[in-house]
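Each of the two complexes below includes subunit A, the first together with subunit B, the second together with subunit C.
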Partner chain A sequence: MASIAAAQVQEVRSITRIERIGAHSHIRGLGLDDSLEPRAVSQGMVGQKMARKAAGVVLQMIREGKIAGRAVLLAGQPGTGKTAIAMGLAQALGPDTPFTSMAGSEIFSLEMSKTEALTQAIRKSIGIRIKEESEIIEGEVVEVVIERAAGGGGARVGRLTLKTTDMETNYDMGAKMIDSLLKEKVQAGDVITIDKATGKINKLGRSFARARDYDATGQQARFVQCPEGELQKRKEVVHTVTLHEVDVINSRTHGFLALFSGDTGEIKSEIREQINSKVAEWREEGKAEMIPGVLFIDEAHMLDIECFSFLNRALESETAPVVIMATNRGITRIRGTNYQSPHGIPLDLLDRMIIVPTSPYSHQELREILNIRCEEEDCQMSNDALTVLTRVATETSLRYAIQLITTASLVAKRRKATEVSMEDVKKVYSLFLDEHRSEQFLKEYQDEFMFNDGGGDAPQLMEVAQ
Partner chain B sequence: MKRRSNLIEVDGDNQDSFEQILKANLSKIYKQSEMYKNTAWYRSIVDAEKSCLKEDKIKKIHYKFDDDKEMVEEYNVDTQVLLRRAWKVKGKLGGDGKWVVEIGDPIPEATPTIEVADIVESKDQPIVTRRNTRVNLEWRIRNLPYPIETYSISANNDERCIIVRTTNKKYFKKLQVPELDRLGLQLEQGNIQSSHQFQTLIIMYKKPQPLLDMEKEWFEELKKVKPIKDMPSDCKTQ
Partner chain C sequence: MNDQEKVLKYLVSVEKLAEEILADKREIVLLDKRRNHNREALRDLTKSNQQKCWMTVGSMLIKNNLETTKNLLEADQRQLNIEINKLRCDLKVKVNNLRDLEMQPPVPGLMLVPLSQKETQGMSNAGLFP
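Now for the complex of A and B:
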């Protein structure tokens, strides 16, 4: 009996979890209380209290939306939670505030100039909330059918039957729609609205007709009447679009090829100017509201001097978002020059930034983080195994220890154990080298590797290539 | 008391005033038949910038209105029936806009639309098309398998639409009648007829006299728009 229940629970899980587990998927916010004081362990965040508190102040600044073009630099050693803080900030801001995340190296492309890539990233981080008439489907869900297409292609086909008190219609759904239906956990008896243009689903509540199967609903289930009349209505809805999206819509007049490639290429500056003045007009008329968002540039030391000087200027515009950069470099060469500078960022830009440092985690914090990661990866770990892992994390690196969680849990599964024991961790520790041991190994056996007689030339060549 | 004296005064030149009243009434009757000329719609199509293309038996008129709206009409030259009327609808955020067909068969998409959110009515669901004849406004609702007695079709003047209901609660539709709206005419239940065959429900609304008059007059008016001789080719070679 118990095993059946367990199997069912597993099945439900596999349906609801559609996101893959990423390095930062355990982060659900900044872990601050209402007065922006950091809690010790909350929302996947552990320790790093000062940095989180600082991020909380930045969060407040962004929410108020008054100050444009501030830059924040998260600086700290590798594996001290810089990206995690940025992700937490994005989560705390909510889905309505645009948050663009990119790595510094992303802007180097043959198809687009560096400044164009940066401009697009900046404009992706500014949202406009605008009222627009849109086709809305509003009805009670009769049936959701999702099946894999025959022929092994693996494409999912979905059919959704909706009704009002007067009519009933079947809809075909594509993969994106199916995903968002699953994410919202839409089931028969729910009353939902779907914005046909954006595909956004909004759950209004459960239909009164389904009020009897109360055990299937949560406590806070809201009951609503089944809508009447036509399923599809035209309604004024508030959309949030980014400036970049408006740019793309308006620059697509030439040819339909842009539709297929998906790549929009460079957008003319005239179009941007037109849109800027249009948006300013809307704002004056009260038709639209501007939401300055966040542009997060990870590995900011990968940007070169041109990008930095461009950012200097771009930050001064009143439509600039808050730019958050993260770097793990100390005093190093600024890319594209021969000058050294702290964090690899020129001093004039550094001067415009507020710098938030992150510091290495303590032993207890590491243990807490590893524990959270174990939970996130559905891995049962015995206490002493966790102790060993924490030791590994202090002696090598947090990232390496996190790698060991997955590998150790796979080893444990091989021997059909439900819990990861100390032996499993030891086994994977001996199977996989950390960076330090690998270096040791190389030093020891350097003579037997290829091209080892090249000597000291190689590093210098690298420098030039950079 | 005062009013009375007024009456007597009018009575004084009875003969003349009677003639006047008659004239006024006559002109009213005359005006009524042409009252469409006073509607905002008629004035807007008169003022619109029009261009004309002739292809075999089809005459295409492109209207550009003062408020930047665009409309295209296609007439059959022989029968003088309007085959298609489409409006260019632009999004608020700009962009090229797309054609929305008011009357006639929908325009097949040249390119598959990728960006539209991926939820669409299944292919077997009812679909409404407009196809007017010389005397009727017509709606055809395809893919409706239920027998004729299922449907109730009623004119609703409060919402200015024709409402189609089904007794089995499978289909419901409010049909707008823009032609009557534009002339400010009332919907009349008596003008509605319907038939059902080949899974298609056909709803016919008899065109009221003012609409017939206007359409006839407008077709004559359109003859003044000279068709463009050298047609711009769609595929320019650069």
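Now for the complex of A and C:
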């Protein structure tokens, strides 16, 4: 099973360009079969069967558009795969469904109010699908004839012969078309498209049949097949844009460049209202479809009471996305108040949520996860090293054990070994402290550190530090 | 036995629909070919300075008045445009039906009404459409 998952992982990686290896880059989906039953190890997911099944049900509901305006809470101890499940959900939804991921602390910024940040995040998670349609003429150029009137002046006449695999035809051209043909340097053997409405000429490449015309070609020479079928085609492209993108291009102070620079600042509420009504109009005319997406808020306990009440209200709007929150807190103080509440989330909001718990991984599952991470980081690990690492993961934390993979593989590379052995793992285990050992060390030597409560020789140590 | 009949019936319906789609596509190609021929003929007629011209009807050559030939061709072009559009619209429905039969989800946004020219322009100017 693991090898199948690994093969899939490898396959995907070879297609897409190599990306940075992130903490959750090994996750390709939720790892469910068609009947939503979780497979033990699949798509980078291990264990956590109940939570994954629950996420699968949520996924199905999102796809059917049933759960918009509700929220899901992933609750569990640190390192039990809450973020992994959310990432898997995002992958399983596919690229067409907007998925926004943010951390709870992201909303605290000096440039933007908290509600503005939340509104932007919500609108980033709602997509609209619109269609662009154009009539184009697509074909391979057989010949271009341009006749200049004698003496240079006067009108030029031109004739363009285009063909597809099924037909061939002539077009008479006026001065403007001749100019744009000359500008694009169109010659016989090129495959071009002409937009009927605007007259824009687009060179797609050279036809394969003409590949042997020259002995030496530039690097940018791209060869394409001669188009099939009719010459005059109708091209329909469906685009998915988020409401936030539409907001940004319509907020005049920033213009569309803000889309790329990322600094959008605050967007006026009038603009949002205008866009809402425009989108409603489009939906009425059948020009647009709404796609409620997913807003994922990690570390949701970092939100304060104002945000929670704002979310509470925002969820009631008819175009609300599905909000998924993750938290690792138990019963704790709600930020901004003195009240205690489960997960640090007010009870009225909790009431709207479906809560999905995650539980700590078992020994065997930890081993599987470490194995997958090893593959993800291109690191060969011997069996006993993996056993030691799994033990480290059970005794300290999974995150610490995952850190050791990279470091141990570097150590192994230093001694020119192809495989990470137990000694490498032991070495990095002694080099890098985990949180527990670090704490112990601090307790032991707290007198020698600065500003400790025990009161020690602080000034003397400062000199050392300098 | 009953199962076999069911499978056969299902396969027949899928194949029939698929064949229809292919036939429609070929039809569009043929119609477009005729449309292009007509267009070339119309262009040549405007350039000619004679009163009459030859036209083929089936395997017959007929000498005809230039004006009436032009009108005939233009009427034919209009009819062709209508037919191509109709075929294209029906094709969408058929493709969705076929996908339905094959247990695949419908193509997203296939039935959407396209944005107007101006709206498309605005969107692509803003960089939303690549």
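Keep this in mind: the second predicted complex is superposed on the first by the 322 of 466 C-alpha atoms of A that agree within 3 Å, B and C clash if a C-alpha of one lies under 4 Å from a C-alpha of the other, contacts with A are read in each partner's own complex, and residues count from 1 in each chain.
Operating definition for what follows: a contact is a pair of C-beta atoms (placed from the backbone, for glycine too) under 8 Å apart; a residue touches a chain by one contact, two chains touch by 3 or more.
Keep in mind it's a predicted model, so treat the numbers as computed, not measured.
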Could you say whether A:196 touches subunit B, subunit C, both of them, or neither, answering first, second, both or neither?
first
Where does A:170 make contact in the superposed view: on subunit B (first), on subunit C (second), on both, or on neither?
both
Let me test your reading of the model: by the given contact rule, A:249 touches which partner, first (subunit B), second (subunit C), both or neither?
both
For A:129 in the superposed arrangement: first (subunit B), second (subunit C), both or neither?
second
When the two structures are overlaid on chain A, which partner does A:160 contact: first (subunit B), second (subunit C), both, or neither?
first
Touching partner for A:84 - first (subunit B), second (subunit C), both, neither
neither
Please indicate which partner A:237 is in contact with in the superposed arrangement: first for subunit B, second for subunit C, both, or neither.
second
Once the shared chain is lined up, is A:229 touching subunit B (first), subunit C (second), both, or neither of them?
both
After overlaying the two complexes on chain A, where does the subunit B footprint on subunit A coincide with the subunit C footprint?
130, 132-133, 166-167, 169-170, 172, 197, 229-230, 241, 245-246, 249, 256, 259-260
Subunit B-facing residues of subunit A, complex:
130, 132-133, 137, 159-160, 163-177, 194-199, 229-230, 241, 245-246, 249-250, 252-253, 256, 259-260, 275, 278
Which of the residues in subunit A come into contact with subunit C in the complex?
96, 129-134, 166-167, 169-170, 172, 197, 229-232, 234, 236-239, 241, 245-246, 249, 256, 259-260, 282, 285-289
List the residues on subunit C that touch subunit A in their complex, please.
25, 28-29, 31-33, 35-37, 39-40, 43, 88, 108-115, 117, 120, 123-129
Which residues, counting only subunit B, touch subunit A once they are in their complex?
91-96, 110-111, 114-125, 165-166, 169-174
